[in-house]
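Reading through the structure tokens given below for one structure.
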């Protein structure tokens, strides 16, 4: 139920064309109308530059194509995560300006380039094998209207690599740190800055890495107080929250 | 917001003492009124004979005493779970007819003895060590207005024990089965009856019982299709759901 | 051993054509007769409209074909779970009216449409990816003679989606709630109704979802007292128990 | 090594009272000086209103007393976490205005009440048993110069409780959500707002809650994209990050 | 129902003092009689020298006293596991010849010293800290009428310790091997003999021993094919099975 | 070092052709000679009818062929586990009488049919999906010279199935019980007999079965004292230990 | 920043061509120079005969080829781990003397055969299935300039196998022990020698081996004090540390 | 059997006072004599300055006192781990020069101060809470004749703390790194040096630290190749291995 619907009910009640009891009956179900309000929020969100997102994983080319087709009717950016070259070819037929990020499998239709972020988001990752997840965070932040920079392969085993980039760390308003194996990089980065750090464990590693559980536990136990954590390999979530913070 | 509130708004809108915009403003927030509806549901629940429940674990004698004091203003039954003899002494000063079940630590003030259940609930347990949890289920079902019977110490290592009670199993409308260690009893009971079986794993055991995880996993993997499971040691939950089913 | 067998032994003992010792010898083995009694129960079950069920997973087309062929001799419904289009083609040659549910891989030969359920079973699921498991629950409840409705894609991240369906929730006699990832939907639904809720965790998710363990644990710890849980992805079990409850 | 030290070396080199080689020797070890810089950062941090923090857990009354005594020489706020009434009595002798928060065991010496936050931080928790952790987050955010509000006992089993507070949720710039058991509240809150949500699992629960692991996994798998997670019971960390975000 | 009961029914049927229908009624419930048969088995078991066993863990002195009092009416051995000096004092007042084994907390009333075992049972343990569990196995085997020997502190880190006892290993008909930490001893012993080895993991260790899980997993993965495993710290079970094997 | 070697050294020492010091030197290394003794044990074992075993898993057709070729030089039975039809074809070219068991992938060359077992080994399994593991146990026991019987599909959800076979259970000298899912069958069987029961968990199941961990934990926590456990799917180990017991 | 840079700054300060404040500014960033020092360390490392390492897992043939091409410009050894025959063919075109180790998938270009190790490194493994991991350790130690010996298939189930090689164990300066399943070999070897033992668990096994976790836990709980552990299947790491120790 | 025993046998054989067959019989059992040889090794070890070690955990004052009394007969150092002030008082009555380390509960009787180490061992720890474990490593290395230095509270959240000590890191021949929580320090230290690093996870932390499992997993997944790991809280083991390495 939209505002318009409520207004109509009230108008009809005032006019007497709707009895108070009948109006009561309709309005009593307003909790259902919550849906309507949420939809309005949703629309508002869109106006603010939030992209439409399609989680590509497990969806067929056909399904993604159909969803994107309907999304194209609006003006916002469209982000498809964990997709493939095959999906990209299908999407590109719908919209020429679609771009493919092969490491992460992300596809971005970047139509609205309004900047919503107030500062810079930095995406750091520990090893080259973590780049796909870092890239997913980067594309997400990009799609949400942020200035984003990346800092790849700065793992703690060569601590000078991250230390030499302290200037860039210091410039960021929020930092996403992606790491697999022992997942130690967020603690080090967290200790070097005083802005929020969003840690993303990756499933990179073998044996006792337990598909990213080791990195996840490490990050949750970070001795740096400015670190929060998202799910293993969840580059999208990290980029999303970083964007929300950067809008504040 | 109650029905009464909505009616007043509509009346004032019709009368013109409230503008349509002001009325809209008030009604737009109706999702908040959901609370009110829920409260009404709550009241209705009470009228149907649901007990007021105090989860005693971690609450002080003083806290429980204060809560019970306010509950006594109503007429429904009052159930305090995982309590102690000390709490019981305090509660009994408030209400003479309070009863204490020392195995489970439950206290029941059984004021309304209306039967809400349509049939009999049977509470079975595998070993004597499981009795505290079984008793919690039993007292809960009792407080909710059911005929309840118990069948204790009928574990599968002496399979004749449960088989010799098939007649009683056959009479039950819903069965709660409590077991620790390997948690096999619900599967056997489930195979003997065609009514719903609610399985309660207990933390009884040592070593590879992992504080009830072994029994929990066993029950979740039951090859009897009529078995559902609640949390380890959750006798209250099992008695509660059994009561809901027995009211149908 | 059937009643008839016992009667014959007793008759022969009375007549003297069987000595007391010989009769004793035969009767001492009566526990074996339990089998007979169970078989009778089984037959009774069939007469009550329980379907014959074939768990399709891991069985060859040939095996399923052979089993279904024998089942077709009886009149009850036949349900094949976790099957494939290939199996369906083979089954359909045996029986024209077989129907295939591609999301869940279920095949239903619905010959006996007697209604056994007293009310309506509602099957809700959190996301579109949970639909295969929800569908398995739905087909099972259908095969067991119930009026079933579904409510898909009502996950808690958009809470208005489930709230807007409170009317339908309120009409159900028992509700199956299917959810992966954090598995929070059963708690919310459980709080909105006062009927039994059967929660089904799904293996949907990645990383810390641990193939459904996260959702399973969430459901076992539900703060709604009317929730019980079945195994991960066990739509069949949930539909089965819901049907048993709906028959009461 | 502080700036002052470097300046002195340079001055002595210019004056010639220190040879270039000797100066080189001293400065070559400047990485050590990083410590000094960090201290300066630290001082800067203090000027920005960051409190001095003592993690009280496992420290004796004597140890905490000694640490606080030295901290009192500066002007910043002092926060002691997971402490006790006994520690409080000792601290209060040192500083009259120390305040004790018995639920969380926090002690706050709130000397500098400058507001550093730009908006309001909201701390929500699911059940009364989660209040100690929520309070720790609240005191932390308070100590760091924020306007903080709390919203306790709004768990998802009574979904109207959180829905009725949507207005307050909408006013917050960042939200901390504390929950044990199934840990579902952050997902629901996350779906209702478009600001960052920091989820804190608590060790509240029993059996399959696995001391908070169930809640932690649930939060990591949240289907709301604006949720990040900190360690189990880490109210301090959540309050800290919320404060950092609120300063942006 | 005992044989005697069945005989009486048959006699009354033959005599005509019981109608065939009434007899049928009584006998139809014979599955219940299974209990009786089991009891007879039980009695037979006792005659074979199986001890009566009281699992002492979690039982009060009063409870154990009451149970033992009734057991003393029979002639078999009585074994109380995981008990205490306090229980022992109470038991000893009932029966002078009770013996206490303080390491394991076992109490044995050894009245029937008939040898049932055909050979020798050897109980080996890796470290001195494993002795309590080894002793429980030893007392159990003793109570069941076996010649038992022990071989303590022969862990694999000093491999000569077990090698120097090969002659004794070679003489055993079945071997119980008790070990905590890495649990490697059963594999080594298993490789040295060609008789069954029953491995008992203990909860001895710390950190990654996970309260005996490490030892348990090690034993389950033993590369010696003659090793089977019982629960962590289950000396009783190991002694029991060893006794069964030694009777064959 | 064989007996013959030691004899030669001693002879040479007596003759004086070897000095005492030199002899000492040679004999001091006798622990190395242990190998020789072990080899002799090995030979003795072979004479007793132990088969040569090839663990087929992960070995190429070529490798298995080469190993079997050398084994055929001796007279003992040859057992290849977890193999394939392809391997079977290769082996059969080497030895006509090789037999293939397709469920378990076992190949047996059964040349020596001497009976070493004193009684009967019974192999029971809970469901048809457990048959491959049960068959591996059966073939192993067969290869080691035992009379073996099987009892398939007697899971506890239809308890009459196992109860109706009590006579056969009673005849066995040792019983292997194979079960997946909740793994409850060994407890029930263990309660029905007084001989050793070797429980084999299988990886059959899904979701919370955790690839057999649920069944494994259930069996380790069995409330029947005569149950010991081997690794998940380790039919070979169970058949091997059962054979050792049956030889006693 | 190199020494040379610092010297220049100091010289310019002395000369007055750089003000003290400007010099201060430049030197304040010296922590960045840490990078430079680290690079120098890196170069030094190369001069000492450390090989360049390419972790082949997950890299394409093309990527490895490109990396190796650049590495060939220097004179050190080049080690590629977890590679394939296909990669080998590509690498061999670049450098004729490349050698392939098919069990481990390692490729070694062994140009500098200088011995850096002071003694002998022994690589032992428990079963033939552990050889790939052992070989990775061996090739690594070889590439780092060590005398390496191997001792394969000496698992503890046939304890004489390792005992017969005590002489070779005694000659080693450091020992790598590789084992899957129960992972007991390092404890036995550790007890036989007084040099450091590096234990490598492997993922060999099934069921309760949990992909190497069982072996890993066993090794971490070793009762031999001279044992340290690396990640599951991490032959490279073990060979690397052994080489470092052997250089001391 | 000692060398002396073998010599006597050989002498008697040569003399003819022992027949070759009898001598053979005695010598065939020589593997048992391995014990004797090992004991001799043990004595040799002592002469090399290895301390006698008493693992204090779980031992009574009386037991430790008795053990130490016998140890004092020899001249080597005596180390008692995880002990208490009460034990110390008892030990000190036996030997005046005993020293107590209250953080770790270690007691050292340091009689032989011979240096066996060739270089310096550095013991670093991340936080003050890790000091007890670090101290245990330090006392162990001290007792084994090493020059040991400590570097406490240098965790990665303040990376400058460890960087400022690079000179001391560079001087060490082997480094022990102790850390709880995320366990990241060994990776950072490992990247700064080219000597072996022994990582010790501690049980410091809460929630997702899982009593040290998080730190343990982090260390096992270290991206620094020179890191090996010991059990959680195993300071003794780390100090022991570091000492072995430092003797090389």
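Per-chain numbering from 1; labels A, B, C, D, E, F, G and H assigned in written order.
By definition in this document, contacts are C-beta pairs under 8 Å (C-beta built on N, C-alpha and C of every residue); 3 or more make two chains touch, one makes a residue touch a chain.
Worth saying up front: this structure is predicted, and the values here are computed from it rather than measured.
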Contacts shared by chain A with chain E include exactly B, C, G, H
To reach chain H from chain D by way of touching chains, what is the minimum number of steps?
-> 1
Copies chain A and chain H touch via same or different residues, half shared test = same
With chain centres defined as C-alpha means, what is the inter-centre distance between chain G and chain H in Å?
-> 24
Computed distance of Cα centres, chain F from chain B, in Å = 50
Got the chain F residues that touch at least 2 other chains?
-> 31, 34, 37, 158-159, 163, 207-209, 213, 216, 220-221, 231-232
If each protein chain is taken as a node and each touching pair as an edge, is the resulting graph a line, ring, star, complete or other?
-> other
Pairs of chains found to touch, sorted by chain label = A-B, A-C, A-D, A-G, A-H, B-C, B-D, B-E, B-F, C-D, C-E, C-F, D-G, D-H, E-F, E-G, E-H, F-G, F-H, G-H
Considering the complex alone, what residue numbers of chain D touch chain B?
-> 129, 158-161, 163-164, 166-167, 206-209
Across the complex, what residues on chain B touch chain D?
-> 29, 31-32, 34-35, 37-38, 57-58, 201, 203, 211-213, 216, 231-234
Of all residues in chain D, which touch chain C in the complex?
-> 126-127, 155-159, 163, 181-184, 187-188, 190-192, 205, 207-210, 213-215, 217-224
Within their complex, state which residues of chain G touch chain H.
-> 31, 34, 38, 41, 45, 48, 50, 53, 118-119, 163, 173-174, 194-196, 198, 216, 220-221, 225-232, 236-238, 240-241, 244-246, 248
In their shared complex, chain B is touched by residues of chain A numbered 3, 6-7, 10-11, 13-14, 16, 20, 23-24, 27-28, 30-31, 33-34, 37
